[in-house]
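These are the structures, in structure tokens.
Here come two complexes built around subunit A, the first alongside subunit B, the second alongside subunit C.
For the complex of A and B:
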């Protein structure tokens, strides 16, 4: 056990350093990209302001924003404020970016968590069915569905769902995370869930095929092994073989894959949130990009990197620490 | 079809698919931008014999716009995947035959690119280049090389441990000679299959980013733009403007995916006898 604990600490430390170096690099790259942009944030801000601004006032705003400082100085200033926990103020929403991210991330997290769990369960189950019925009709049908789903763009699937379930059948509302014109305190849990179902379903169908096909392949590998042949010779039926030999071999790879897919999940949620006008990080990032809201764009980029890194960290921990085979190899 | 074996069949199907894709591509180029202008007299018509995909809110024929958009998507997709695949080959080889620190540096860069969600990274790059075709192209090219580079690295590492490479080295051949005569020929199928399999991803990303508004300018015909316009008219029942262009895109992506599979069957020596 002591060895395991020591390994855990070492993994945490090395990943901590790695994540920090990645975050630092992302912050530099994102800052350079944003600074190199020909899109003038001051101009965008003034356009949104709607009123005419005299040249003197414009100069004042520019001086306040530090537009004319050299980029390195601006970056260092931004970084030092970032380390103090100040991400700046969003020029689009006129609120501190950290508050905005916290609030939006809760919405996004609910959406992503539902989709993630749903796609994991359906995908794993579908993969098991495909693996057990290899090359028979259920396998062929499910495999075809998986291939087609992985060729469908998320936002189009979302549009189709909107069209069928919201416009035609009127089962679900068209957008937003709660009814329009109702105070946020009086929104019931059911109303929130009601607004969440379609985006979550769209998002989960996108990542479903990956996990299903992976599980199918793993299960087929297991079923071709000699210990399964022996089990079959002992007279175990399909269900017992799946329960005793299949599940424990395929569950961890599937879980690892699921944690390692946070990047696609986040990317998919950007699309889903835009289709369903769901107020999460994804719709905020595209709004920030379209309106030249640099602090928000940078903040969300960093935050999404952190999110993906945490997912990868968990995947690696699962892979290296919990799976006894990998653990033993690592220790010896 | 019975008298042909699997490879011949794959070759025929691949040629057929490629011809079909090329036709759509050329058709899209033949359509002039001014042929797509419509009038308000023909606006918002459901699919009919004259307009098989219906017309949009400005009266433009959606079939023409879709085909034109597909050819734009295919241009962006193919250019981005070629750039990406070339990057992947260089990076993969450098990572496999370079010194240890080159390898760990490349691994770190791959971690970096994979660490930022692709959609966000493409948005950033497109923002940096002022939201246009160029930004879209570079963004997609810069994000898609990672997995192919890893694949090629593994392949080169495996090839380098082969005996004939060791013999060649003992015979006094230089690393450059070994690279050109022993390694590159093996990487050609990997390169082409990887390229074709990258193509659908690139097209899907192109459509997604255009849909968000970071790609082509809104007056152009691109699938993402058509679909993002259609979103405004969903609630008044213009189903055709969302369903048909999107379905065509899915069809094209599936076709390209099949093309990749066929190419794999043809180029992979281990399936030669099947």
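For the complex of A and C:
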């Protein structure tokens, strides 16, 4: 067990270094882009202030913020504050960025986790059905559905869902994560779930076809393999083959794919949250971008990088847990 | 040989064809095995020799009933005197009929070999399997290994044990020797000889013709998806004069120790078979009859041959 522990520590260390250097690189690129953009952070700040400010006061603010310092110095200043845990204050929401990210991320996390689990389970199941019924009617129908879903943009699908299920059928609310006019303390779990269903469904349909089509292909490869031929020769039927050999051999690529899809998940959540006015990180990032809220934009950029990295890290670790061949290479 | 016994497996006029889409929607039937005859008795090894693409491996799939979905099978197969229907094949495969495949690639790469050898049937034959493993000289910890951790010799012994475990009566060994050293190949063939001597029947599909002649009782020569000759193995050792079919003679001459002489031409492609005898285009003694009609099986000197001119 000691060897396993030592190996894990080594893996985490090496990934830690890599993730940190990636974060640093992303922060530099993001900072350069933001500095090069025509947005004037002082102007944005003053607009939100709501009161008129004299030119003298404005110069004072600019001096206080260090707007005229060279970019490298500004970056280092921002970075040192970041290391102290200070991401700055959002000019749009007038709150510390770190608080905002924490609150919005919790909302998004529920949404993304639901969508992620839903697409993973349904996609995997659908892929298995398609693989087992290859080229027969269920496969052909499901395959068409997958092609259609993967070519349809998420936001359009979200709009259609809103139109059908919220406006016409009135099954689901039109937006937000809780009913309007209810105190956040008195929102029930059911109300939250009710608001979550449509956005989660929209988001999950985005990655569903990806998982399903991959699983299908993987299962077909397994079913065409020599070891399945041998299993058949030994009297195993379709169902036993799926249970004994199929799942074992396709679950692992599917899981890897699922964890590696964090990036798309986050990208999709920007769309889905905007369409459904869902107060998550995705809608915050687009609001920050549209309103020139630079501290928030930078904060979310870094945070989403971290989020995607964690997904990839889990995917990589899973390789070692499930596949004995990779495990042994790691040990030697 | 126990020719008087009831045959374990009888195959008459077996044809296997694949439905293929040719140009666009045009469907063609690709005949891969045609008019194949083979009889196997308990206690004997029948070697099936022939070049690549002569349909040897498909024969094993056909007997087991695990041909791909786009394959159609015609002809008669009888096992222990009763018709070998798909239902019966389903019952028998993995119990009375067993395939011994070629290599470690036939193991699920993510499953420990002990569990794989046990198979899917309940109750698990774990005790008997352990006995077999130790009889084959496999260390106790072998069952905990994954296929990629096995040596070639271990893999082969485990593959053989999967056939012995359910007490299979008819063993189909599909090219069990390629890629092995001579010692390993001899060891493998000895295992099959032992099985046959214990009253089981072994169909040995092989490229290693020399070795097959040594260990088999009879040899069936395959050409373009049919058996052109079935003869006692001793005839192949005796030389071309003891053989009946021109292709068998050519095969004998093509062996390295017998002059290494190839004959002109090549085996016809499955979609492009000649109308009459499949060997006629390359045959030195063909006549008009050979080119128009497929010759029937004839019994000559204790062997069977599909040729008008066989002697």
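Points worth noting:
Criterion: the second predicted complex is superposed on the first by the 319 of 332 C-alpha atoms of A that agree within 3 Å, B and C clash if a C-alpha of one lies under 4 Å from a C-alpha of the other, contacts with A are read in each partner's own complex, and residues count from 1 in each chain.
Everything that follows uses one rule, which is that a residue touches a chain if its C-beta (ideal position, glycine included) is under 8 Å from a C-beta of that chain, and two chains touch if they have at least 3 such contacts.
Keep in mind that this is a model prediction, so the values were computed, not measured.
Applying the stated clash criterion after superposition on subunit A shows that subunit B and subunit C can sit side by side. Once the two complexes are overlaid on the shared chain, A:233 sits against subunit C while remaining clear of subunit B. By the touch criterion defined above, A:301 lies against subunit B but remains apart from subunit C after alignment on the C-alpha atoms of chain A.
In the superposed model, A:34 makes contact with subunit B only, not with subunit C. Contact with subunit B, but none with subunit C, is seen for A:167 once the two complexes are overlaid on the shared chain.
Legend: residue contacts after superposition of the two complexes on their common chain; A:85 is shown touching neither subunit B nor subunit C. By the touch criterion defined above, A:55 reaches neither subunit B nor subunit C.
Once the two complexes are overlaid on the shared chain, A:244 sits against subunit C while remaining clear of subunit B.
Here subunit B and subunit C are compared by how many residues of subunit A each touches, and B touches more. Of all Cα pairs linking subunit B with subunit C in the superposition, the shortest spans 5 Å.
Of all residues in subunit A, only 18, 21-22, 25-26, 29-30, 32-34, 36-39, 147-148, 151-156, 159-160, 162-163, 167, 174, 263-264, 266-267, 270-271, 274-275, 285-286, 289-290, 297, 300-301, 304-305, 308-309, 312 touch subunit B in the complex they form. Within the complex formed with subunit A, the subunit B residues making contact are 108, 111-112, 114-120, 123-131, 200, 204, 207-208, 211-214, 227, 230-231, 234-235, 237, 239, 242-243, 246, 249-250, 253-254, 257. Residues 60-61, 64, 66, 90, 93-95, 98-99, 101, 105-111, 119-121, 146, 148-149, 162 of subunit C are the ones touching subunit A in the complex. The part of subunit A that touches subunit C in the complex is made up of residues 226-227, 229-237, 240, 244-245, 248-249, 252, 322-325, 328.
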